[in-house]
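Both complexes below contain chain A, partnered by chain B and then by chain C.
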Partner chain A sequence: MKGLPEAIGARLPRRDAADKLAGAARYTDDLSRPGMLHAAILGSPWPSARILGIDTAAARALPGVRAVLTGADLPDRRWGLFVYDETPLAAGVVRYVGEPVAAVAAADLATARAAAALIEVDYEELTPVLSIEAALEDGAVPVHREFGSYEKRPDLGFERVNEIARQEFSEGDVEAAWADCDVIVEGVYQVPSQSHVYLEPVSAIAEFDRAGKLTVRSANQSVNKVQATLSRALDLPMSKIRVVTPAVGGAFGGKSGVTVQPLVAHLARVTGRPVKLTLTREEDFMAMRRRHPAVVRVRTGAKADGTLIARDLDIVYDGGAYAEDSPAVLGFGLLMARGPYAIPHCRLRGRAVYTNRLRAAGFRGYGNPQVTFATEAQIDELADRLGLDPVELRLKNAVEAGGRWIGGQTITSCGLRACLTEARDTSGWAGKRRDGGIGAGGKRRGVGVSAFAHICGLLGTSATVRLLEDGTAALAHSAVDLGQGAEAALAQICAGALDIDVDRVDSAPADSGAAPYNWSTGGSRVTYMVGRAVMQAADAVRQQIARHAAETFECAPGDIEIRPGGRAGIVGVPERELSFGEISLRAHYRTGGPIIGSGALVYDGEAFDYKEAVIRNYPFERVGTYVFGAHVVEVEVDTVTGKVEILRAWAAHDVGRAINPTSVEGQILGGFVQGAGYALLEEMLWEDGQPVNPSMMDYKVFGALDLPLDIHPIIVEEPEPSGPFGAKGIGEPPLVGAAPAIANAVAHATGLRLRTIPMTPERVLDALAAAAER
Partner chain B sequence: MQLFHPTTIDEAVALLAAHDEARCIAGGQSLVAMLNLGLLDPPALVSLRKVEGLDRLTRHADGSVAMGAAVTQAALASTDLPGALAVLSEAAQQVAHPAIRNFGTVGGALCHADPAADLPPAFVAADARLTAIGPDGARSIRAEDFFLDYLTTALAEDEILTEIRLPPPPPGSVGAYHKFARVDGDYATVSVAVALTLEDGICRAARVVLGSCAAQPLRLDAADAALADTQLDSDAVARAGALLQDSAEPLADMRGSADYRRRIIPGLVARAVEAARARSEAPA
Partner chain C sequence: MTAAVAVVLAVNGEALSPLAGPGETLLDILRSRAELTGSKRGCNTGVCGACTVLVDGKAARSCLMLAADCAGREIVTIEGLDGDPHAALLREEMAGAGAVQCGYCTPGIIVALTDLFRGAAGPPDAGAVRHWLGGNICRCTGYVSIVEAAVKAGRRAVGSEPGMPGQ
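Take a look at the complex of A and B:
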């Protein structure tokens, strides 16, 4: 293979970076439309209650108020990803504190908020379901009495009241395999509800034109998903809906479906005016989305030599009040529950349940962080029992390219071993491992490791590349850039495929009216999936360029080569060449028409093998193209306060090919930091169904001063044959591996295994005190 | 809500007296947050930003310090103060974030009287004297008499805190502020402000004050006495920590349970005392 084009692997700055630094980037809330009204919502004070009546008279009477909507004013058109259980405003009952019950549109925001506060709602409180246990107990109150009547995607597998889904991935014979194990570890692990805390709270502006076409500008991860859901919610054909995305201030999965767009569209429809709704931070905390908390029961067995033999895992995810992405989060967690190890006997089962708390949804890692926290703890617990080095135990069992994932798919590329050895060797693992528990001033040091996997291939996408008259290119796709650098990476792939400078590739922000379909910016899939569509589109353009050149030079298209810098010429004849500009002018004005290439695909990796594995109710027949990583983290545990401080971290990730290494490193750092918050700090809490920390005052995230500069991203490149220039994904894995490596480091420092995160100072101190009493 | 911009203290006092439940606003870093949260809805705000001289910080030759109530936390944070008064700068450096310190004033933080805030325990440790001016003139209040309860001070409704005076720190005095918080910029889970007077390795006087451990900054004569005339050996420090621990009545909130806060008091007191003592040994 010849060398890579210049654009591939280039550390190019983002095109939006200067605007963002200068405060010039325009987010949805920065925008205004002529005649625009401002909206406010009123949230439920109860976790479960029947709405007996709503008095909106005082709100309507307030000067400046243009509309007040309640659930009763809206058509009964529900939406959802798997269970159609969602409405824009509570319909008859409320199911979590903060659920929008009424909305106001007014001439200004202060009036809208004042009017919302004047709405009087008469509730009859109902018995809420406030925990996983309560949801599943005999005689449990159903969170959705109407569940049976909802439209659903088939095969969710629910059996009991409040079960949203029940799934399984199993292989081999677990029960028989325990007899072959020399050591078995068993534990129950609890993981918290984490808030997305994107910097930009949810915001949307909706307006109808006089022909009845709806335009919605909003923070989202997929213009196409928003368009499709609006179509269902408003009973409008998709041809009458345009969804545009201004700059997005982070999403992490929290904006992957619709948020407030249907509500704002209804307000625009009844007022005939553009309407904007931006949630306050507190409203966003209370009414949007969160990571599924979960309880994980795991048992893992191994031979005395460290060969992993069997695993039995049972997980229950708290899905909250609405089903959202719970069935897919559940199944994906199970798909990751064997870990990146060849364990022959596995029974991996799980459920997602309704409770009267905020809906849970996709969140960076998508069910994987919950599972991996538990399973990677078990690998260390096994290593401890077997007297083996944790890295060696992982290397011994690590999957390899050509091996099989649970479910039977072939692993097409795998840099796991390289990740483990790189993280081990650059961290000085062996020395740090010897010195576990040592420290001064009441502090103890430890070092821990994790190995983990994820996917980057799923669902459908498309892209077009047009050659402009001057020979530069215009790339169109719908991979919304959430701040992570998708736009830059895809432009680099396009530039690489055409072998031109990246400044000669334009790409427009996601707009359902202008760019082709993409399922979502999510699942760590944009570089790999959309990148492949861009490759296809650019290849089609190359072919047309070659045909024009061949016609001009009167040779066969096969004799034409594309040369770096946007030229096409005859192989072996350097002086016989045309610029892309010359070719594009020929196409525009003489023959053939403007050059346009398109690419489109649905994930086309191997399907699951339903004969090799028991796979129950997983909603997809294929997702895959596995990615791998390994983290080593060094911590110091303060025995006075219980605080865990991260001293240094090494995060090695197999990305196939780093299209833009700077962006890859940014993803690794950001994911690790968010994962450190999950491990040590972040937890949304409720008391009697009431959220107790829905503000940035009470819910903290780590900032620049809380973590060390010594977080070292390590890029491992094991090219993926199907990927664009070999690239795979990186968005989520850096979060997945953080908590287990930190917990393993804490165990190394203190000898204590904490099975509940976040490992807050108080929890750590409690564990130290309990150990001292033993 | 009316907003007034007096240019003199007398004018400001008159405005407060004339408007029931009016509030002073200086940097607005606590008050505006309370307004936004709907916790306060005063009919009038009296801004102190145009009152002359309130932002002056003066170091006198005898080591005493006088600072106007509107000195910003950032200004205090960047001022080198002699001896034990270093506890004030050190506490100011740890208030929230730079943007907040740039606006937030020393007087505002004291008058807000949040027991989890950084400046109140530091000013009690430094034995500050607070000057309040009301319709009947000026009076001086010791810092430890100033904080009455959660968000409650000794100021009358029509009094304004105008100046804080710090007596000259004795020779050999050292100070330190040790804060334990969930993340940088958060309120303290527990904080310890310390002012010690050392003489040849013997502690002649000590003031140890806890933040976030009661409705107001917590100082105990007995705990301070436990340190006095000792070499600050670990037994003495542990005794002081245990006394403070026994008297602490911390709130439970997202930063920690009351029990947790109580448990970490002795260890944090030891660290704060050690940090202060280490200063006396450091080369000047």
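Take a look at the complex of A and C:
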């Protein structure tokens, strides 16, 4: 095989880094527009209440106030991804504490906030639904009384009051298979609500021009999704909406749908002025999104030799007050619930339910961290019962390329075994495993492993590549860069495909008015999916370049080769060549017209095989290609304080091909640390429906002091045939494996199996005390 | 409401006298009156460190300082560190290490580390950097690349060549 182009695998600094390091990168809240008004919101104080009346007179009377909106002022146009249940402001009923009830636009922010505080709302409190159990009990109060009347995607499968969706993936015969198992483990696992805590709170600026066209600048993960939802929310054709993305200060799934854009657009419409709304951190915590907490019941059985035979899993996700991504999060969790193992008999079922808490939505991992925490704990519980090494047990059952995923899709590339063996060998697993439980002063050390999968793929995307007059290239796509380095990776793919220096590829920030469609920056899909569209577009450009060269040299296009550094020449005749600049000038000014190539695709891998598996109500028939990883984590548990300290970690990930290894390592490190927070620290709490910790003071995330520097990213490259230069996604997987590996290390250190995360000092001490009593 | 008062202070070497309303913070003034948006508002409660600036040469959280209390003080923001040799080294090392992802925490971290370098007798080790950054939250990187870049920059910056201000 020909060697890779220079741009592929290069550790190039990101182009946006210089501005960010200078404080010159502009995020939405850094921007201002001439005549711009500032907005503030008033949130609900109750988890469930009817709005009897809203008195806005005092707010309107405040000098500087230009508009006050309540739900009653807005048209009844709901939106959603699967269930159309969302409105910009509460319409008649509030369903969680913090839900926006009214909004003010004023000349300055202080006035807007003062006016919002003057709005008087008369509520009739209703009985809130505050837990999964309460949502599903007989006679439960519906969170949405109007659920039946909402427009929704068909086949969500809900059966009971408050169910948003009910799904199943099953293969084989689970009930019969238990008889073939020598060991069966069973447990209930509980995972918490994690907040995204992107460092940039949500912000949007909206304005209408005199022709009635709306422009919205906002932190988002998809200009195209925001444009489509605004179209629905405001009853405007998409041709009248432009969505622009300034720098985004992190998102992690939390900015994947619309946030406050429809509300700000309504304020801009009624005032005729540009309007900016930036949430406070507390408002963002209370009114945006979070990871689904869940209860997972799992039973897994194996033969004495470690062959996995059967799994029965039932999960309930708390979707909160609005459906958002819940049906897809549920389905994706189930798709991952067999784990990366060839278990022949599986019954994987789940539900997502409404409660009167903040909406849950996509968050790095998308239903997978919840499931994998439970299932990977169970693999260790089995290893323990069988007296087998946890890594060996995983290797014995690991899926391989050519094998089938649950649902029937062929696994087209798989570096799982390499991830497991690399993580094992670089961590000194055997020695650490032997020394489990050793420590001084009440401290116990342990080491744990996890193996896991994810996908990259999903839905549609497109890109264009234009050759500029000097032979450099302009790449256009709508993959919003959230900080992960999408822009740089795609520019490198483009540079690689044209075999030119990456500095000769320009690409602009996502703008619905200027770049072709992309479904979203999410699902770990940008490098893989948008990268494929970029490859197609660059290939079309290469063909046109070859045609121009062939015409010039009077030879067949097939005799033309593209040479490194932006040249096209006759194969075997080094001196007969033209630069891209010469070719582009010919195209612009003499014949053929400017060179432009486009690429477009919808994820096109194998669909599920509905004859092989029972698949009920899953909203997609093909999801993506599979990616794999394995983590080894060494911890020390202080049995006096209950504190779990991560000492070292090795995180191995099969990325197919690392387009930019530095960026890949950045994803592995950052994802692992967010996953470590999920395991040990982070939990959004409510009491009687009231948020307990909606601030960075009370909701802690890890700081530099809390973590070791010994976190080692390991890149495994098992090229994916369909990927750009073999590349697959890496955004989400590093978070998925962290919590189970840490829990397995805690179990190794202490002999305690904690089935609830985060493993806070209180929970560890409680478990130690309970063990001492037994 | 009480009226706004003019506060005379120096920002990045320039005398400014912005009007500060009651309760307005230094961060408010920098972002809305001085149009210096490099200092970020991540939490507005002094936890995240994204708003860190130098006040009379020491790192401080601008979201916690009342603007009125800054009269007569010298403020240096991330924008004011453009010619600073320590900041230049930090920027170079952080860019190379992939220590910048979303970038929202980055200005605060550069400002904080510049303060560390200025006061350090010798190149700070990883432990010192981690302690110093205890109040700067980064949600993207997991800190490893930031700390490693800072240690490298520190080796080049502090006490290693004559004329550098590490004493």
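As a working rule, the second predicted complex is superposed on the first by the 774 of 774 C-alpha atoms of A that agree within 3 Å, B and C clash if a C-alpha of one lies under 4 Å from a C-alpha of the other, contacts with A are read in each partner's own complex, and residues count from 1 in each chain.
We take it that contacts are C-beta pairs under 8 Å (C-beta built on N, C-alpha and C of every residue); 3 or more make two chains touch, one makes a residue touch a chain.
The structure presented is a predicted model; accordingly, all values stated were derived computationally and were not measured.
Counting the residues of chain A touched by each of chain B and chain C gives the higher count for C.
Look at A:703: by the touch rule set out above, it reaches both chain B and chain C. Touch criterion not met for A:469: it reaches neither chain B nor chain C. When the two structures are aligned on the shared chain, A:133 is found in touch with neither chain B nor chain C. Judged by the touch definition given at the top, the superposed model places A:604 against neither chain B nor chain C.
Look at A:14: by the touch rule set out above, it reaches chain C but stays clear of chain B. Shared-chain residue A:124: touches no atom of chain B or chain C. By the document's definition of touching, of the two partners only chain B reaches A:761; chain C does not. When both complexes are overlaid on chain A, the residue A:55 reaches neither chain B nor chain C.
Chain A residues 701-703, 705 lie at the interface with chain B in one structure and with chain C in the other.
Against chain A, in their complex, chain C makes its touches with residues 1, 21, 23-24, 31, 36-45, 47-48, 50, 77-79, 82, 90-91, 94-98, 100-107, 110, 126, 129-131, 133-148.
Of all the residues in chain B, the ones that touch chain A in their complex are 180, 182-186, 189, 253-254, 256-257, 260, 263-264, 267-268, 271. Those residues of chain A whose C-beta lies close enough to touch chain B in the complex are 442, 640-643, 681, 685, 692-693, 698-703, 705-706, 760-762, 765, 769.
Across the interface of their complex, chain C is touched by residues 11, 13-14, 16-27, 29-30, 110, 114, 197-201, 247-252, 278, 280-281, 482-485, 662-663, 665-666, 669-674, 695-697, 701-705, 707, 709, 711 of chain A.
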